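Please find the structures below.
In what follows, chain A forms one complex with chain B and a second complex with chain C.
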Partner chain A sequence: MAYDPKTGKGLGRFYDADHRAFKFREWKGLKDTLYDYGRWMYLYCFMAAKLGPYAPQMVKGMLRYRWLVPYLTAANMVDRHTIGQRGKELQYSHKQFFSVLHHSVIKVKEIMQRDANLNGNSKKAEALRNNTVMFDEMTPSLIMMGFPTLDWIDIAMMSVGMPSEVDQNSCVYYIDAIEHFGLAPDVCPEPATECGVAVTDDYPRVGKCYVTSSMPCDGAVQQTALMTRYLKGVDIFQITPPQRINEPEVQEYAVKNLKKAIKFIEDEMGVKWDWDAFWKNAEMYNQMAECMIEKWDVNATDYPQVCGAALALQREFEFMGAACMDKYMLKTDLEVTKMMHKGYEHDSKLGVNKPKYRCIVWACPAHYYTNFANWADLCWGVRCVNDMEAMLSYLPITIGDKEQALKDLARCYERMMMRSHTNGGYVNLLDELWKMCDRFNVNIVIMYDHVSCRNVGGLHGLFEDEARKRGIHLIWVPHDVMDPRTVSRREMRDAFNKYMINVFREEPLDPTLLDYEDNLSW
Partner chain B sequence: MKKVFVKAAKIAASVFAVTFAAYITNADMKLVERLYDALIKYHDSRHVEEKL
Partner chain C sequence: MKDLKYLKYFEDLLEDADNALVRQAEAEGDIAVGYTCFHAPEVLLNLPGCFSVRLRAPHTTSMEMATYYMANNSCEYARAILERALEGNYSFLHAIAGVDVCEANNRCMENIDIMQAHGKDKDKFFLSYLDIPYSDDEDCVEHLKEQLTRKVLKPLGERYGIDSSDDSIRKAVEDFNKVCRVITQLGEFRKLPNPPITGYEFHVLTLATYACPKRLVLDKLQETLEEVKRRVPDTDKKYRARVMVIGSEIDDPGLIKLIEDTGALVVADRFCFGSIPGRQEIPLTDGEDALTQVIRFNLKSTQCPRQCAQHRVQNRWDTAARLMKEYSADGAIYEQMKFCTYWSYERAMAGYIMPREYGMHVLSIDRPYIAGQSGQLRTRVQAFIESLEIKKINEGKGEAK
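Entry: the complex of A and B
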């Protein structure tokens, strides 16, 4: 444990109210500190190797795009999620987070290579743009499995999603811009930020056409409408998976919609759907989903291994950002799964590393506080064994049967981030939670109370009633997704502290983490 | 040959010492903080018209 009761020194001493950066890095013991140092060096070397050749574009990009600045703090993001960790837990986190950063660095490089705003009249950049499909953040690019010769870039993930998780203040400017433009301030900050990036003309111009989706919430609907007006001269297709996803009657429509999307990309880009490439990529998708299920199985036991943000964020980016087509992510999945089984055998044999409390995280999380579950573990011993963000589609794609494979692909879109749970209605949002509590043997749920989300807010009372019936502790933690001014990280911790002190009558494992100022930090 | 090896070992040790000192004192992020603040200040000073 990182807290020393003799000296009173704990992890809270690393935070500095007047600075964004930690005061210094943690000494984790010789072996773990050297491992952490090695990973730190590797991250910088990797970034230098991939982005170094594009140094002029990177400098221009930093001056052109405000959202690119937070990427400088990538090492701090890793520190936030590995603070207090030791041994195999530290190694799981490093590997999981590096695979996310690996993917992001490659995508930043691709933006630098082809962005019209940074490359002027470059013919090479233009040729790359003509071979690239742009995607919206809430639309996984899984459909690209059948287009091996095309590139794709999720422009909203790279300019909104990822920066918001790296730096808590990255979206504030864009939220203010769109509210100044006339959008009501009670709209979810996620689509609001995407609109803010549009009205300040801060999206990179990296592709020929744009594929988006229809998230069934008020914020996302206006975001899609606004993006359509912003991307003048760019053809747009909206993938519209059905909302009542559990009903078999709607699947035929879902496949029809996907076929139209395939036709759109074929016509726009002048290529044909390639079934051979699709089977190969679907195989990779299945392997990644299998790794995810294995992690869940181990976390359902008394000795969970890959927990918190290391589990959730990696799956989120693997599925939504990389569309399960990143070979490095598959390599990481296979490595971590192997390490995890070894770790489980060790812990179960010796009966060690059993969490004090087990919890799952439910509802839309705060992008600006992705390490909240890590904090809950370090401060109170409440370990997050699964997270709704990790519960994306995991059922396999049938290899060899074309019609069935398209149905399976449609199911992936139906169960993408936010759609299947927070926007999926009573059965998928409420009933599913109790099934997960049983499956993962937990009686605590960190219930993220997204103050601007009408969908989850509408079920608030029902959650309370049902949890009370079942004897489950619902700890409501308010937040505003991408706007830390509405509910700060400190206020989120305070809500959790109050429950642990007043209901559980608990003492914190590390009292220095109870209350500290981190409004300025990344 | 031995001289080259000793020289290489000295260089490696110096690189390790400098980078480890930067790592443990979080000097990289403290430097990034300065750069970050300067870049955000620059962006704040730009006039951007909100339009569609």
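Entry: the complex of A and C
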């Protein structure tokens, strides 16, 4: 417990309305503080080691790209998610987040190595570009499993997705830019931000061709149309899995579409699909999916272990960003899974660390407030045991059977982040929630009410009606994904506070976290 | 100009989705299939024994119930349809050919489905969710063919005995083409410098073909065509500028009236519920089954911004520019139903690309579902028409010099 009732000191004192960073670091006891600080140091040393050799490009990049600057504050992102944590929980979070940042730093390095905007006429950079496929954020690069000699960079994930989760204000400039361009301000800010990066010409030029998709929502579809304009001269392929993903009949089309994507990359890059490499990478994907399921299984018990954003963000980046091909992520995954089992045995044996309340998080979350679930746990004792964002493709890819493997790969695309729930009809979004409530034994759902999302919003009333019938507490938390000016973090907390106070008649575990100002913080 | 003989008749038919001709056709034993989107090939819903009704919600005011179920940021068209369904206005339908094309439309249909807003205890009723592909290649054609066969044609046959054989589809296309031919001929008049038909009148006629059983409007349409052929336009041009309207659903002729009341003449209707695309004859050959041809035609002719493969995006810009030229339009109004994501993007891009790359004068607006009385909209259109006039005057001066 980080709150001291005697002194009245709680975690809220670390936030300061006038500063971006925490006022000071949390004292977690000698052992945990040393561990925490050690990880902090290690992250910056790692960044320095990997990006230091590209210092000229980094400086140029920061002057050229607004989205690059937030990466410097990556450690603060980890701090936000580890505040108030101790012991094994702290270690889970650090390991999970470091694996995400490890991948991101490597990708930033790759951008620095080959970006045409930063490397002038460098032949070396050009050669690297000619061997690289660019991807869109909402398009998992799993297809690269069969192209071991090629590199790939998710340009939108690196310039929009990740920075938006590191610094809450990182997208504001781009949102304004695209609205100035003429886009209605009521659309989802995520694809809007991606378009904003395009109209301000802030995408790095790092590859020879571009692979995008039709997923997972109307905004993402339209963002593709704008990107086709922006990337004039670059050939583009749009992977378009079917919408009604639950129907077996549509899978044939999905596989045909995927084969076309493979052909496109083969033709563009002059290489052939390599089945041996694919099997190896598919094996890795299967192992990572297995780790995910084990985490779910443990979290379904009375003693959940890897919770909140540590669970969701890691899976999101492992699948969407790294396409389950990052060896370091797999290593971390196996390590955390092992620690988690040990932690579960300990807790269940002693009957400790049972959460006061259990909840799951549903619908698209606020990128600018990824630690909201951590806050709910610290302030109200409501622990998030699973998150819709983590419930993406987890079924294994069949090894050895080529046609079946392609069907499985197509299924991975159909069941990627968001799309697994927003496509395929209401059963995947509405009915699935009640199944998950049963499976994870929860009666509270943090229902993210993304104010610009027509997809989840379209079932708003049915969610309400059905939750009431089932006695489930849906706590609607409004947000605007990338734009904290529409709904601030403080307003998000306020919505949750009101429910806990008025409906549950609860007292906060840490009253200093009830209301504080953090509009300026990263 | 003298009023069209049947204009009032057609206007009256647009007052209610369950209009007199719909009731007549049902009384004669035909079944009514509702649909909302171009992506559900209309001609296949007009097989012998059934007819299509493109769903509208005329005179919508409050959308409170739909707003509760779909949230206030959902497309107003989708919400208006749900509201009207919850009020029971679509209980005359025997089936709905829904499409999973945009989020709002899809969720609207799901709400109707779950709450049985189409009417309870209708044993044979079915509602489909067609998976519409994002492009127009042959894989997409095959995919849509499977979807339509399984989700629409098969249940139509099994539940209502509707024949969907190749002969039956060819007959439907033949009948459909008759209506298209009349509308196309009427539309051609709009290319004239002083057309004998206004944009409002044309839109009312076109809308009637979407909202009524086609066989029951054909004779009066043909009569109207003959009337327009003979009609003498006013000697003085009444309009100040010719405009093309491009965008999302306009099923309320009041909006076209509003635009024309400001002094414009709407000469081309490149929007959902308009005639381009939608009222072009479907050419069929003997070498291939009719179903495949119909689907291919539909996928190739759609102008929906949902299709965002590079060549489809380009096709939309080029089509808009071509239509501008064909109809001698002075400018284009890109309109978007409020909260329509697809058209939000398309409109923003058009506002930038069309003037710069095609030299088109563009007004970009978003609008509520029922927009005929919008003073704000009227002011914006007026300003645009004035700007077109000034440009024409300036161009004239330039030429004179």
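Following the convention adopted for this analysis, the second predicted complex is superposed on the first by the 519 of 522 C-alpha atoms of A that agree within 3 Å, B and C clash if a C-alpha of one lies under 4 Å from a C-alpha of the other, contacts with A are read in each partner's own complex, and residues count from 1 in each chain.
The rule is simple: contacts are C-beta pairs under 8 Å (C-beta built on N, C-alpha and C of every residue); 3 or more make two chains touch, one makes a residue touch a chain.
Keep in mind it's a predicted model, so treat the numbers as computed, not measured.
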So in the superposed three-chain picture, is A:181 touching just chain B, just chain C, both, or none of them (first/second/both/neither)? both
Which of chain B and chain C A:462 touches, first, second, both or neither: second
For A:266, decide between first (touching chain B), second (touching chain C), both and neither. neither
With both complexes overlaid on chain A, does A:244 touch chain B (first), chain C (second), both or neither? second
Name the contact category of A:335: first (chain B only), second (chain C only), both, or neither. neither
When the two structures are overlaid on chain A, which partner does A:226 contact: first (chain B), second (chain C), both, or neither? both
Applying the document's definition of touching, compare chain B and chain C: which contacts more of chain A? C
I'd like to know which partner A:23 touches here: chain B for first, chain C for second, both or neither. first
Following superposition on chain A, which residues of chain A contact chain B and also contact chain C? 178, 181, 226, 229
Of all residues in chain A, those that touch chain B in their complex: 19-25, 27, 33, 37, 40-41, 44, 62-63, 66, 69-70, 72-73, 75-76, 79, 173, 177-178, 180-181, 198-201, 226, 229-230
What does chain C use to touch chain A in their complex? 68-71, 73-75, 78, 100, 102-104, 106-108, 110-111, 114, 129, 131-135, 139-140, 142-143, 146-147, 150, 305-306, 308-310, 313, 336, 338-339, 341-342, 344-349, 351-353, 364, 366
Chain C-touching residues of chain A, taken from the complex the two chains share: 178, 181-184, 186-188, 195, 214, 217-219, 221-226, 228-229, 236, 238, 240, 242-244, 247, 249-250, 252-253, 256-257, 260, 422, 425-426, 451-455, 457-462, 464
List of chain B residues in touch with chain A within their complex: 19-20, 23-26, 28-30, 32-33, 35-37, 39-40, 42-43, 48, 50-52
